[in-house]
């Protein structure tokens, strides 16, 4: 059982590119070996982190969503009692279509009307039969509806559901109608059930779930010029020559608009560090500090250039890292 | 027993009724059926070969460009003041200067060069000029200096990769039209590239580093290489071959030649064919549970990958081996047993050599599919970004983190920068080259053990 | 019991069924058959005898172009059946083989049921219109091959499960079932017991009524018993060919003489 | 030439080499051999005759436990060689088979060179110390099998490239090479021409000087020529066993009589 | 003495055993190897095996048992209530092991002397810091009990190691002595050696069983956990598959199972005829030259990574089928469909069927073909009615193998058939398979301990059971039709 000499990072595929950029720069500028960075999903990453303490377990779990109490409990049961939570920025989620196609200016209600399995028509819920965008919003082009939405495995889907579909559901009034019909013991249960109804998407082929990554979405968009796809901001920024981005509530997505909170569809990105490893795995402490430094995660750093929305509260994060503050209980 | 005389002959065919030189209707039909049958064979082969060609064509037309790379020939003055602010040339102080500092040095060098030659394009800022240089160039320069501090103060010639978009422009992937839309490059920068090409600083050449470099992050597709993936795949194939062949052949021999035919062997048999049907990801789950969590082997290591792939290919190889053992005629076994060879000797002296070509085919096919497998590696940490080369096998390299060729294909195919798509195809070409070598090996081996009865 | 009776039989004087002219066979570099000329008569049993490796099987396989399936074999010269050159380009070897049936040295039943083994030929040649006709052909063929009594209760069990002798009789039944004009037999009795051999020999004699039979044999007694004409091969040459009686009692070539009396091999 | 002479030979009166008592063989549900009792003498050639499928090969394969390799075969009763039960648990069938050599019905040379075919047995039994000794054994065996002249120039070419008869002689050479005490031959001459047959028969007679030879044959002439004792099998029963002369001239069982005279099969 | 050293000394002993055994055998026969029961080398191997194998087995057993025994001894260091439950005890023992290992490393690196490691007390030093300097991670500060237990464990382990080496060598020498004693010219060395070889062969064949056990074990507990969170009736009977982050997931198996079967069926429809005809052509019609070129070329297909096939499905086949079949026939506008994935998987599987079937067809004896040609059958009749039936068991095996790959394929389905779980007859609709969902649920962003992730294991188990059933059926069929030739 020889001691390991490199940092091991695993988790979210959304965080993976940022993590590799940092790891690469870290390897170049420090005397430590370059950390090994793995994708594979936030859930799987956190599960690996929670397997226990020791050189055969990973040091850091990247995550595109916040850790849950269940994971914290698993960790504790396996002896991982102290975890440091580091939020280093935000990921913007954008709608984009073929660069040669028409322009789209969406509101969440438009997306809801296009994709939900049940929509409001004349004040009542009916099965969604919309075939073209212009049918429910004349401002949108008269083009067949086809949305390439993130598959149910993706964390993006969670944000997509919450910030777009449920928001649209509420905007169109469908949510209220659902509330009236669903069963539930109390208000919050009812609310959850109504949310569940809202996020049921139509299954007639107008909504296509993409379980693969954004390159697949791009490829499908290339096959089907009518389609509207959902991408990460960084992916869009690297492919502006092929994609035309849609606005949401009139706001063009960019690192600035998201950082300012104008563009609604975004989510925080985290990584979780096992504090027990901090002084033990060579380079771990330095890597974590390097990651959140202004040189990397700052608004002018390479991560922001790549498409990360820099965290306005980065300084607080840097302080917390320096102080090795383990995370408290989830609120 | 007097059947023979009991009845007449079967109706004899009318004598001399038909000329051999003319075909009757039935014969014509049968010959047509024959021709059809043969045609189906040719058609089947053509379908496979045409598909193969189409795929190879796509791969090659997308991927060959990965083997070429544009680079900038720069003259860099290694300014002592900037690189060694303390002036003591000690490693400690030298390493304080980060790649950012070296990056500025290179940007300055290119801008100086342009100023010297009066090359300029309206609307290209010095910073945008700096974007011409790959982000891995500063790191390489820094390593050069750290390895040889004597260089400080000198003026050296330094070949830096051009960044991905510029490289793409030279390969035709990026055009003026696309640059107008592209947020990472402007048409003016491309005009500047044209000028630099004219001046002879920006050149394209065969890119060895595609085969030797480690992987690179999303921001520098131009420097991403297959070095670690090739080593990882080699390590794994070696380990798989030396594990799977003996175990597979031994198991097949036992099951085919020695095992009594009873419930127990039936169970094993069903088991093996079932294992062949288990999706490869499940082997990943198994590998994670057994080799990493239970046996505490390190994650991302070729040894774990090899163990998982061994378990995965074992059933395939056992099935193929058993089929070829079964094909050896029983009379050969009788002959050997008859001269007093033991069963073990019979198998090892006669049956196994005769079955060798089939075993080879099965093994190569099994190894080939193991070589291209990604899913099980997903769970044992080999689908990762690894930038440090594993050491040699003698120094425990099998236990160092590494990746594999299909993993590189897979992870590059999902990167956002379009430059990675050609790299991905390039990696497939390398993978195919591996495959070709394996197939040639198989053919050579098969020739040597050719059936001779 | 049958011992070495040399039976004189009336040899039909009708025209030759098969005429071979200058037949040469090479296997790669081995010159297996050298300039063979022979006329095989219709309604006659012709025996090929000669030491092991002298080319009997090779020549037999030329007569229905079975040598086409051996990649290394090259045949030259011409062989006429009913005046038609079977090596003519227009001749379909498949059609030829339906006309010229064959039984091999090693029994080679198909891995099918006994019934299907026999029914195979009639089926592919479209000789029957319905199952009943096929059943009849199969039964007749098995009876002739003296296998009916042993096989009738297990027609659906695999032919490969029979003993060696039974297998060979099955192969004969199979060949008979297609009602060929010429029947080639390569040591058909080498795996049979005397009783079965006698039955087959009797059958061969019956077949002679309508067909030409060519039989390769190692047993000179057998040749003497069943054949009207005998050809003696030696080292790829057809040494002597003539009436069986003459060959065995009064051979003209010294090599034949030596072979008959057991001096060369 | 050898015809059906029935030769009276002095039968050795020494004790039995092989004694079979109550041997029964079942293949699955087929009762192939029923209660066979027989004493096979040393320095004697014993012939097994009988119609096809009567169990001759089956019994022969019991004598060196080759039936062990057939999964469905069950053997009961006892067979003693030199007073030792070969079905005893302590007996190593491999050792037994070195002592009791075998030649099969269908020639089955190894897909190796002629030399290696013959040398294989001596090699695995450690019969030689060096190449020269091995060469000698190989040559002797090939000479005895009447194959030396044909094979001496192509010792390194594959044994499977020989003609059928040559292949069978190669198999005989291979069996002889291990110097067994008993030699079992299952229709060894069914693929040989008369000359080669005569040579092999001569060889069998020679072998008799030091070994026991058991030969299965379909040719009653052959049985009469080479054997001193003959066993007649019928439908799995050993019907009659005795001196060859007696069996052929004065059989005591009516079934033997019918078979010899060609009436049953 | 370390295990590695013990092993290498055992190796030396084994080599010695080989030569001694061989020599003794030859001597006992006065140099006349003819009278030996077995060839001299077998006596050598016997000597080597007797010297090495029992000792090795003992060593392995010891290595497994020792930690268990030691652990039992250590339980006494802790208050009974802390080691009552299994989970708590394993946790504590893991801690103890880590500390003990840390001390080992520290001593090995020279950070502590042997005596220091023994005298170390929690009162005088922070064990966590001491061990961190040598790179051993500890979750929390070490309690005195744990440290004592760790030190005791090191003590026991050291004694154990000494005892282990001594006993191993005693056993090795005893084995060697025994081997030499029994080596006489009548000794059946070959039989003994072959018994050992047989045991090895048997051992190799049990690896398949062990793999299965491993797979079941690694999936069963998680599957059970899934069924404790999600009702099994819904899993097996529900017709909808729609996992969701909101927690109101419907995880019905039916659409996935349907997709799996449908896509596999289409792929077999492509692969079996093409593969079989390819094999037949190569084995029966093609000359050796063509065969030696075409066969490896087709085998290349098997080696192209499935990602490439996935792209091929996505970029080429999907749009082609959509534009020329699905849309004109009014069967939908989806580029990804059962057809797309099925066809591409079929192509991928061609070499599996063709290569194996080709070898099997080649193994059918020529005499079988001669028999058929002799009856006037054409080549195709011979192949269809004689050669293929003879080769059937092997061909079925090859087809099964291909079917297995079709069921287990992931990348092509993801890119070719889409990710939509749907029950539909239309082959031009997007569908998905069990395997795809296993991968995506396992590598997704969903929380690990939730039914949405754990369902992957239940899916895996289900697939495992289904394929097991298929294989049993196939085995029965093959048994029934297997016919022995020659």
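Every chain is named by a letter (A, B, C, D and E) in the order it is written, and numbering of its residues begins at 1.
Methods note: a residue touches a chain if its C-beta (ideal position, glycine included) is under 8 Å from a C-beta of that chain, and two chains touch if they have at least 3 such contacts.
Note that the coordinates shown come from a computational prediction; the quantities given were computed from them, not determined experimentally.
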Self-check item: Given chain A and chain E, the chains that contact each of them
Solution: B
Quiz item: Which chains make contact with chain C and with chain D at once?
Solution: B, E
Exercise. Write down the chain pair with more C-beta contact pairs when A-B is set against C-E.
Key: A-B
Quiz item: Which chain wins if you rank chains by how close their C-alpha centre is to the centre of all protein C-alpha atoms?
Solution: E
Quiz item: Relative to chain E, which chain has the most distant C-alpha mean position?
Solution: C
Self-check item: Whole-Å gap separating chain B and chain C, where each centre is the average of the chain's CA atoms
Solution: 58
Quiz item: CA centre of chain A versus CA centre of chain D: separation in Å?
Solution: 83
Quiz item: How many Å are there between the centre of chain B and the centre of chain E, using C-alpha atoms for each centre?
Solution: 22
Self-check item: Touching two or more other chains - residue numbers and ranges from chain A
Solution: 1, 4, 13, 39-40, 44, 212, 216
Quiz item: Considering chain B alone, which of its residues make contact with at least two other chains?
Solution: 1, 30-31, 34, 329, 331, 342-343, 378-379, 413, 451
Quiz item: chain E: which residues touch two or more other chains?
Solution: 190-191, 311, 315, 365, 378, 381, 442-443, 486
Quiz item: Got a list of which chains touch which?
Solution: A-B, A-E, B-C, B-D, B-E, C-D, C-E, D-E
Exercise. Using the touch definition up top, name the residues of chain D that touch chain C in the complex.
Key: 1-4, 50-53, 57, 105-106, 150, 162-166, 187, 190-199, 218-221, 259-262, 264-265
Practice problem: Using the touch rule from the top, collect the residues of chain C that touch chain E in their complex. | Solution: 64, 66, 69, 94-99, 101-104, 106, 108-112, 120-121, 124-125, 158, 160, 171, 174-175, 178, 180
Self-check item: Partner chain A, residues of chain B touching it in the complex
Solution: 95, 98-100, 135, 138-139, 142-143, 178-184, 216-220, 292-293, 296-300, 378-379, 381, 383-388, 401, 411, 413-418, 421
Exercise. Would you pull the chain B residues touching chain E in the complex into a rising list?
Key: 30-31, 33-34, 36-38, 40-45, 47-49, 51-52, 54-55, 58-59, 246-248, 250-251, 253-255, 258-259, 266-283, 285-286, 288-290, 311, 314-316, 318-320, 323-324, 326-331, 342-344, 357-358, 361-362, 364-365, 368-369, 371-375, 378-379, 405-406, 409-410, 413, 428, 431-432, 435-436, 438-440, 442-443, 451
Quiz item: Which of the residues in chain C end up touching chain B in this complex?
Solution: 81-82, 84, 86, 88, 90-92, 94-96, 98-99, 124-127, 137, 140-144, 146-149, 176-177, 179-181, 195, 199, 202-203, 206-207, 210-211
